[in-house]
Every structure is written in C-alpha cells, then in structure tokens.
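Please go over the structures that come below.
Common to both upcoming complexes is chain A, partnered first by chain B, then by chain C.
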Partner chain A sequence: MPLKIGIPRALLYYYYYPMWKVYFRELGAEVVLSSFSTKGLLDKGLKCAVDEVCLPVKIAYGHVLDLLDKVDMIFMPRLVSVEKHEYICPKFLGFPDMVRCLDKLPPLIDVNINLYRKKWDAHNAVTKVGRLISGNYINIYTAYLRARKIQKIYFRLLHLGLTPDDALAILEDRVKKRPAQEAKEFTVALIGHPYNIYDRHISMNMIGRLSRMGAAVVTAERLPEKTVRSYAARLPKKLFWTLGQRMIGAAFHYLERPDICGIVHVAAFGCGPDSMTGELIERYARAAGMPFLNLTLDEHTGEAGIMTRLEAFLDMVRWRNMAAVGM
Partner chain B sequence: MKGYLGIDVGSVSTNIVFLDEGGIIRESIYLRTQGRPIATVQKGLGKLKDRLPSNIKVRGAGATGSGRNLAGIVVGADAVKNEITAHAVAASILVPGVQTILEIGGQDSKIIVLRNGVVSDFAMNTVCAAGTGSFLDQQAARLNIAIEKFGEIALQSEAVVRIAGRCAVFAESDMVHKQQMGCSLPDILAGLCEALVRNYLNNVGKGKDILAPVVFQGGVAANAGMVRAFEKALGLSVLVPPYFDVMGAVGAALLAREAVARKGPSSFKGFGVSEACFKTGSFECAGCANLCEVVEIAEDGKVIARWGDRCGKWLNSVHREEKIS
Partner chain C sequence: MRATFPHMGNLHISLKAMLQHLGVEVVTPPSCSKKTLNLGVKYGPEFACLPMKLNLGNFLEAYEMGADTVIMAGGCGPCRFGYYAQIEHAILKDIGCNMELIVLEPPSRYIFELTGKIKQITGNKPLWQVIQAICYGYQKARALDEVEIAAFKSRPREMAAGLTDAACRKALKLIDRAISWREIVEARKIAGKTMAGIPVDKDRAVLKVGIVGEIYTLLEPFTNLNLETRLGYLGVEVDRSIYLSEWVNDHLFMGLIKGLRSRKEASIAAHPYLRHFVGGHGQETIGNAINYARAGYDGIIQVFPFTCMPEIVAETILPVVSADFGIPVMTLIVDEHTGEAGVMTRLEAFVDLLARKKEMKEAL
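Showing the complex of A and B:
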C-alpha cells in the first residue's frame, strides 16, 4: 500500500499544491487532501487553535484535524521565506509547531523552506522531503523537475484568469475546456490573500457572488510575478512580506488599468500585514479616485453585513459609470 | 392618487413612506420593530392604508434595511436594495448638492461621501456598535429619561465632561464614574454625545473627506445633542433634513420608481397583505458540515421563500417568479 501523505487545503495550498502533489506521486506516495472548508471544519479548528492567530490559521487547524485518521504523514513545510530577502508571515513559520500538540497527530513533514539567502535552497529543501520517502536520488531529481514543470503550467493557468479550483480541474484532466466567461457589466479587482479569497467558506463565495451581481473579477494571481514586482517597487520602501508585495503590486497595477472599475480589499481579522497593506492600498486608491472597499472577515462575520457592503459598492460603481457617460 | 411605497426595516425601527408621482412625501410612518419585522410591516401597511385616500394606487414598492429581504417577500417589492444606496439616493434628491451624509441608526452607522451627485466613497461601522442609537437608548433607559428628551437635556450642558467613547461597555462605566463624582446630568449626556461623535469620526469617518453641505439622518439625528456635537467636532453646520428618520424608506420608494420604469408593472401584492397570515421558521440543514440555518417564510400556509443556505439548494427550491435584488 502506498504511503498516504495528507495536505491541508489551507494557506499556501492555493499556490503550491500542484507541485507537491506531482512530486509525491512521482515518488510513489498517495496524496490525500483535506475536505473543503465548512462551518463544521472551522468550528473544530477554533476549538484547538491558539487564541491569538488569524482566521486563516484557525481554519488551517480544522484542515489538519480533518486529515488526522486518514493519512500516514502530514505535509506541512515550515515556510520561512519563498523569495530572496523577503519573509512569509511568522504565523506560517510557527504553524507546524502550533499543531504539534494535537492528539493523534501523524508524523509531520516539516522541512524548512527558507529562500531568504538564495533561491537554490528550494532544491535542497525539496530533496530533503524526497529522501524521507525514497532513497533513489535520480528518482527524486526527476520528480522535482516534473513538479516544477507542472507548477509552471499551473501559474500560467492562473495568469489566464482561472481560479485555483478551475486550474486544478484542468491540470487533473477533470474538465477539457476552460469554463466560458460570460460578458459582465464591468470588472472589479479583488485583492486579498489567496487562502482568503479562494476559500469559498471564509470568503462566503465572494468571487461567485460578485459575478452573480454582474461584476467580472480579477485577482492578483492573474498577474505575472514580474508585473507585480515592478509595480510594488513604487513603494518608497520595500515590504517585508511576499504576500503583501503581491497584493500591493497587483493593486497598483489595477489602479492604472482603465478597464477596472473598483478595488475590493479582503482582509482577515487578526492579520497584521493585511491591516497595513489595506491602509496603503486605500490611500493610493483614494488619490487615484478609484472606488475602494475594505472588507474584514472573521469567524463571526454574518453574510448579511458583507452582502450589504458589496451590494452598495457595486451600486456606487454603477452609478459612477452612468454619471460618466452622462445618463 | 398614484404613488410609490418605500419600506425600511431596521433593527430598531420600521419606517414606511408613500411618495406621490412627483416624488413628494405624502405619508410617513415610524414604528418600533420590536423584534417582529413582519408583524410591524403589516401593522404599518394597515395604518398607511387608513391614512391615505381610498382611491390610492401603488405603482411600485421598494424595501431596504437589514430586514429588506423579509419585507420584500412579504409585500412583493419591485426593488430590494441595501440601505447605503437607499440613503444616498434619498439625500441626493431631497438635499440637492449634498456632499457628505452622516447616518446613525439603531445598530449601524454609516458615512456616505458624494461628489457631483454621485457616491464616491462610503463606510459602515464594523463589528463595534458603540456610537449607535441602541447604546443611546440603553443609557437613556438606565438614567430613566425618555430618549426624546435626551438631546434637549444635553443642550443645557455648561461644562461638558469627557467620556471615553471607544467602547460602549467602557463608556458606560466611565459615565457611572462621572455621575458618582457629582457631575451634572446635562454635562454627562453632552459628554456622551461628544464621545459618540468622536468614536464615529475615528471609526466610520476615518480618512474620509467631510465637506459641506453635511446632512445628518437616521433616528439618532432627532437628538439635538448629537447634532451640536457633530457641528462642534467638524466645524461645519450640520443639516438635519425633514423626514430625517425615514430617509431609508424614501430612498427605497425612489428606487422602486426607477425599477418599475425599467421592468414594467409592479409586483406589489396590495394592502391586503396586512391581513394575511405569515409564518416564519428556521431549521438546520443537515446536508453537509456547514449546517446552514435555513429560514422559511409561509404565507397562509404556503411556503413563499427560503434562504440562509450557502449552496442554494433551499433557495432554489421555491419557485420565484422573478429575481429580486
């Protein structure tokens, strides 16, 4: 029976899952994902979580709990940095150690991923993971190359405007064609951490709702790394956080795009970097005259409050567009 | 007489207005919701019917406020809109040229910034309800003064005391402290008004460009102490329009007029709904781990709407002739 490796459907799953899935499969292991986020899963997470962490980490607890009896090992790298001279949020770094006290926890694969000094360190970390499963260095290396290739295709699909779910469906051959995009009244940019905006439970299916209310949605993941970086470089001082950089860079880019009618920033309650990026984006958006909405999500958030604000925001955008054409 | 009906079902009050075709407010009703939104809407409609001439014809109906979906289903509204849009529409028509709208209701407060007659920015209070009408209500009850008298007493203040307004719970303990120290009631009430205004401007009005003309509406605008505190803090004159307490409903009626012009005849069910028997209930759907609380509304024994589910299974289980939103 192949080794079962569990991956929580949380945090940077939305960026790096395709790569790790292929990597583990190539090495002969089976990958088991936790279920989609639900209220029950969040409740379970809340009971075990440290009280001071943010909502995404709380739900990540739920995902880990969901995997407990189903797998032989849980993959949870200790993410320190994924870009040179930048950091990932410290809560990510501490996450493997936070969950360690959970009962019945299978062994963790908690290798350090720290590319702060040089990018090549990624290779070392990946190899280290591979050696836990396989002794064959050649296999490990070819699996690594294949995983990287898949990751590139995945990012390309995201750049085409697919959501992680849709992109995965294509990668896994579940659908042949990319879903047809119907024409919408206008486009808004949704800026937020991938694990907030793409998690349908946490975000209350915000992308789906916006689209049902007549707005096409673009996100930061749609932009190539290079674009994001060059726009983020306009800040007088570089942000420490990789994810914050993405959000800022994407927001600055969308501020200049004439086809974008508004920016919605989604923050998680208790997220330190978000409170800062949100404020920064708001100031630049106001200076540029771009409609801006800041939404904060937490476990108590009722749908009604979010809906009222989204609805009012879209009304405002519509009203402005109508005034602009002189109706 | 023909006209449009606007209904605003809020946490504390339910307001109904009737606008004639020229947009003039013919009748307005302000009721306390008292936790029974459907019964209150029915009662309001019954009252409105008695006050209006018998040849009345409703050409459109709109609903807004936190209970807008409920009210929309009950009366068969043509427009169901959020309260931010409704307030902005009403103020921009009743007070031409308005640039800032301050609105404080029962449990929420908002600021709407308009430029050139178009909403350019807005904000609503977050989880914190400090600085809303409910808190003033509660404090008035604790001090055993009628809420209608609150503003009048606050205006008599000579030396306003400073009260910490960051949090309603702490504001209360601060008030108790000041009262035990021997400060006079008008000074404490005026201090409370200033604290609420400070909290509002820091929280809701954070970073917003507040330009004159400033309009103050919502139930709390009845409080003259609050108006004065706003004027003092902003250094601008603050206008409280007539019908300030039913502005949301006025906006809903105006939006209904627009909706009917766009889509044709109204789906308003008629004043008869005030006699119909509505029943609401909720159950927990066991379909998945989300355990959504599904609300069900029945009119004379027939289920007319369900909502509250995330997947849409129950929402779509009731056939609805047209989509409201």
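Showing the complex of A and C:
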C-alpha cells in the first residue's frame, strides 16, 4: 500500500499544491487532501488554536485535524522564505511547532524551506523530503523536475486570470463545459492573501459573488512576478514579506490601470503584515483617487454585513462611472 | 538638528548621553502617557501593534517641543518593527509634521548605507568620539539595569512600602546627570550603594516569577502597567528575560562583552519546542520560560502587545512547556484598551495561585 501523505487545504496550498502533489505522486506516495473549508472545520480549529492567531491559521488547524485519522504523514513544510532576503510571516515560521502541540498527530514532514540566503537551498529541502519516501536519488531529482514543470504551468494559468480552483481543474483534466461568460460592466481588483481570498469559506466566495453582482475580478496572482516587483520597488524600503510585496505591487499596478474601477482589500483580523501593507495601499489609493474598500475578516464576521458593504461599494463605483460619462 | 527618538523604558537616559556627547541637540519626548497613546491611536493604523502607536505619539509630542529629526532603529523582518519607521514617516508627513527620518538598520547592500547615516547624525565627528559616545551610552545602560535588578530583589522584601521606589528614583537621577566617564563610574557606584542601603527583611519568604515576552512591552513600564512594581508590592521577586544592556551586547556588539546572558542559550533551550526562530523574541520567550522553570522559579508571566506575531507563536507553545515543567504560566496581552483593574485582579489571582502551590509543595 502506498504511503498516504496528507496536505492541508490551507495557507500556501493555494500557491504550491500542484508542485507538491506531482512530486509525491512521482515518488509513489498517495496524496490526501483535507476537505474543503466549512463552518464545522473552522469550529474544530477554533477549539485547538489560541484566540490570538489569525483566521487563516485557525482554519489551517481545522484542516490538520481533518487529516488526523486519514493519513500516515502530514506534509507541513516550515515555509521560512521563498525568495531571497524575504520572509513569509512569523506564524508560518512557527506553524509546524504550533501544530505539534496537538494530540494524536501522525508524523509531520516539517522540512525547512528557507531560500533567504540562496535559492539553491530549496534542493536540500526537496531531497530531504524525498528521502523519506524513496531511496533513489535519481527518482527524487526527476520527480522534482517534473514538479517544477507543473508548477510553471500552474503559475501561467494563474496569470491568465484563472482562480486556483479552475487552474487545478485544468491540470487535473476535469474541466466541464460551461456557457461563455457574459461581459461585465466593470472590473475591480481584489487584493488579499491567497489563503484568504481563494478559500471559499473564509472569503464567503467573494470572487463568485462579485462576478454575480456584475463586476469582473482581477487578483494579485494575475500579474507576473516581474511586474509585481517593479511596482513594489516604489516603496521607500523593500518589504520583507513575500506575500505583502505581491499585494502591494499588484495594488500599485492596478491603481494605474484605467480599466480598474475600484480596489477591495481583504485582511484577516490581527494579521501583522496586512496592518502595514493595508495602511500603505489605502494611503496610495486615496492619493490616486481610487475607490477603496477594506474588509477585515475573522470567525465572527457575518455574511450579511460583508454583502451589504460589497453591494454599497459596487453601487458607488457604478455611479462614479456613470457620472464620468455624463449620464 | 534637534533630534528625538522613541521611548522604551530607560533607554532615553543612555541615548541622550550618547547623542549629547556627539554634540547633537536632543529633545527627549515626555514619558509615555495616556496622551501619547491617544495621539498614536488617533493617527496610527488600527491594527498596528501598541509599540508603533506609542512611537508615533512620542514623535508627535516631540514635534510640539521643537524636534525636527527622528532617529530610529530598523530591521529586516519578519517582525513588523522593521517597517515601522517608513509607515510612521508617511503618517507624520500626512498630518503636516515635516520631520526628517534617520533609520539605523542593518545595511541591505553596502555597509556605507549605515555609516552614511551615522555620519548624518554625528556630522563628521572623529571615529574615536563616536566609539566613546557608544561606550558612555552602554555604561549608563548597564548602570540602569543594575539599579532595576536591585529593585526587583529589594521591593518584595522592603521594610516599609515605597522605600525601593524612592531609592530607585534617586539612583536614576544620579545616573542621568553624570556626563563624564569618571562621573558615570562614580554614579554607578553610588547608585549601587543607594540600592544596597534599602532596609530589607532578608528572611521574608517571597515568590519568584520570571517575566518573558516582547521587548518593548517588557522594557516600557507604561505598556505593562508597571507590572514589575505591582508584583513587587504583592511580595513577588521578579526577573525579566530581557535587559537593555544585554540586548545591546547581544545584537549590536555581537556578544563582545562576556558574562552576560545571551539569546543563544535561550534558543538552545527552546529547541525541542520551537525549532526555528520566528522573528522578534518568540523563540527566546520559550527558551527563557524553560530556563526559569529549571532555575526553580514559581511562575512565568508572558507579556506582549495585541497581534504581535512572534509572541502568538510562543503563546501557542507555552502551555506545553507549562505542562512539561509543571510551572504555571500567565499570558498578559496589552493594547490601548487594557484596563488597570482587570490586570490587577488577574495578577492577584495568579500570585495567590502560586503561593498556594508553593505552600502545598512545602507541606509535602
């Protein structure tokens, strides 16, 4: 029976899952995902996490708990840094140790992924993980190469404007025919951490709702790395959070695009990087005269409240556009 | 140039000495108060942590007093502190306080980035004088910490309430006034004598509590509502995991001065529980808690500002440490809404619990 490796559908799953999946599959292990986020899952997480952690981490706890009896090992790399001289977030650095406090946990694969000094360090981490499953170095290396190739395709699909769910569906070859989407009235940019805006429970399916209300949505993942970085370089000091940099760079880019009619910023309550980047984005948006909506989410956030605010925001954008064409 | 800097406990005394020795005109902002905090809360980002709001308040108050330059430290993550200065500068500019900003931080590319900034402050003073100024500042920081440590010891044992506080004030004033090397050495000696001269009851049984957590809330008594003094009056001898001089020795002098506690010991002790640094003082919090437990302390109090990321990681892991070592841990999270009465009630309950536990242990 192949080794069952569990991957929580949380945090950076939204960026790196295709790579991880292909890598483990190539090495002959079976990958088990936790179920989609639900209220029940979050409640489980809430019971185990301390009150002060942010919503995405609480839900990640729920995902780990969901995997407990289903798998032999849980893959939870310590994502210290994925770019040179940048970090992810202190909570990501400590997450495997926080989870280890839970009871009845299967072994964790908590290898350090730390590219702070040099990019080559990723190989060490990959080999270390591979050695747990396979003894063959050549297999490990070819699996890694294949995984990287898939990852490149995945990122390209994201740049085309697909959500992680749709991109994954294409990669896994389970696309269904859908009627062509009608053209939207206007476009808004949705800026937030990937694990907040793409998690349907946390974001209350914000992307789907916005598009049903008549707005096309673009996110930070739509932009290539180069664009994001060149825009983020306008800050007086380089941001040391990779995700924050993506959000800031994307926000700055969208502020200059004439086809973007508004920016919605989604932050988790108590998120450290968001408290800084959100403040900066708000300042620049105000200076640029761009409509800006800041939504802070936590486990107590009510759906109706968020809906009302989104509707009001879209109405405002609509009226603004009408006034601009002189109706 | 009329320079100002943010408050952090007694930091202002040594920083002032340093800058004045370099011929810089210094505007010390008024000590942190409700007014400072209100200013910071009014203009700062809602979810920023408490230290940033107080910093902002300090700058605004200093601006009213005529300061035109802010000197601040920076960092390179992952803690938010590394980006404080830039955000604060943007906020100050927005509300019309045009202050110049000099951030001293580890250079990202060239060492000249840092030396250039030091030159900007010192204005071409010879290197010797800069080194001398640093030595003055450090010597004062050391003296101040000695006073504090002595106060922690004598406060729960003093014969009459308030004796220690009075002696403390006297000693701090003395150290603040010293301007030459000789005077500083002399002040350090007299301060030590003053503190040793407090009449104490040596046989009184006291509880011992270690305080761990985030550096700013540990060092600035305004943020932790004078936690150490309060505990002292409740008959508890405290020790703090971070002292200013130790921090300076560890981070700026790279451990040049031997014989002081360093972060390395704490990191090693924390390893079974937290295997990677998490920014700020997260790993040290765990490590120091373990070290205190091993040293036979009765309890541990963790203090950090609301939404502090590294300390939240530590907070999650501390219950396991507490269970493994059988030492009670209390977490105190502070922000602008923290009320005095609530903290006092919790402290009293915690101290009662420790006393009861100790009694039971001794009875066995």
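FYI, the second predicted complex is superposed on the first by the 321 of 327 C-alpha atoms of A that agree within 3 Å, B and C clash if a C-alpha of one lies under 4 Å from a C-alpha of the other, contacts with A are read in each partner's own complex, and residues count from 1 in each chain.
Note that a residue touches a chain if its C-beta (ideal position, glycine included) is under 8 Å from a C-beta of that chain, and two chains touch if they have at least 3 such contacts.
Keep in mind it's a predicted model, so treat the numbers as computed, not measured.
Once the complexes are laid over each other on chain A, chain B and chain C both fit without any clash.
Chain centres taken from Cα atoms put the angle at chain A, between chain B and chain C, at 80 degrees to the nearest 10.
By the touch criterion defined above, A:41 lies against chain B but remains apart from chain C after alignment on the C-alpha atoms of chain A. By the touch criterion defined above, A:150 lies against neither chain B nor chain C after alignment on the C-alpha atoms of chain A. By the touch criterion defined above, A:132 reaches neither chain B nor chain C.
Residue contacts after overlaying the shared chain place A:240 against chain C, while chain B stays out of touching range.
The larger set of touched chain A residues comes from C, when the choice is between chain B and chain C. In this overlay, which is a superposition and not a single complex, chain B and chain C have their closest Cα atoms 5 Å apart.
Within chain A, the residues touched by chain B in the first complex and by chain C in the second are 283, 296.
Against chain B, the residues of chain A that register as touching in their complex are 35, 38-41, 201, 204-205, 213, 282-283, 286, 289, 291-292, 296, 298, 300, 304-305, 307-309, 311-313, 315-316, 319-320, 323. Partner chain C is touched in their complex by these residues of chain A: 49-50, 52-53, 78, 80, 85-91, 93-98, 101, 110, 112, 235-241, 267, 269-276, 278-280, 283, 296.
Residues 45-49, 74, 76-80, 82-83, 86-87, 89-90, 94, 103, 108, 273-280, 282, 306-310, 312-317, 319-320, 333 of chain C are the ones touching chain A in the complex. Interface of chain B with chain A (complex): residues 66, 81-85, 116-122, 124, 126-127, 207, 288-292, 310, 325.
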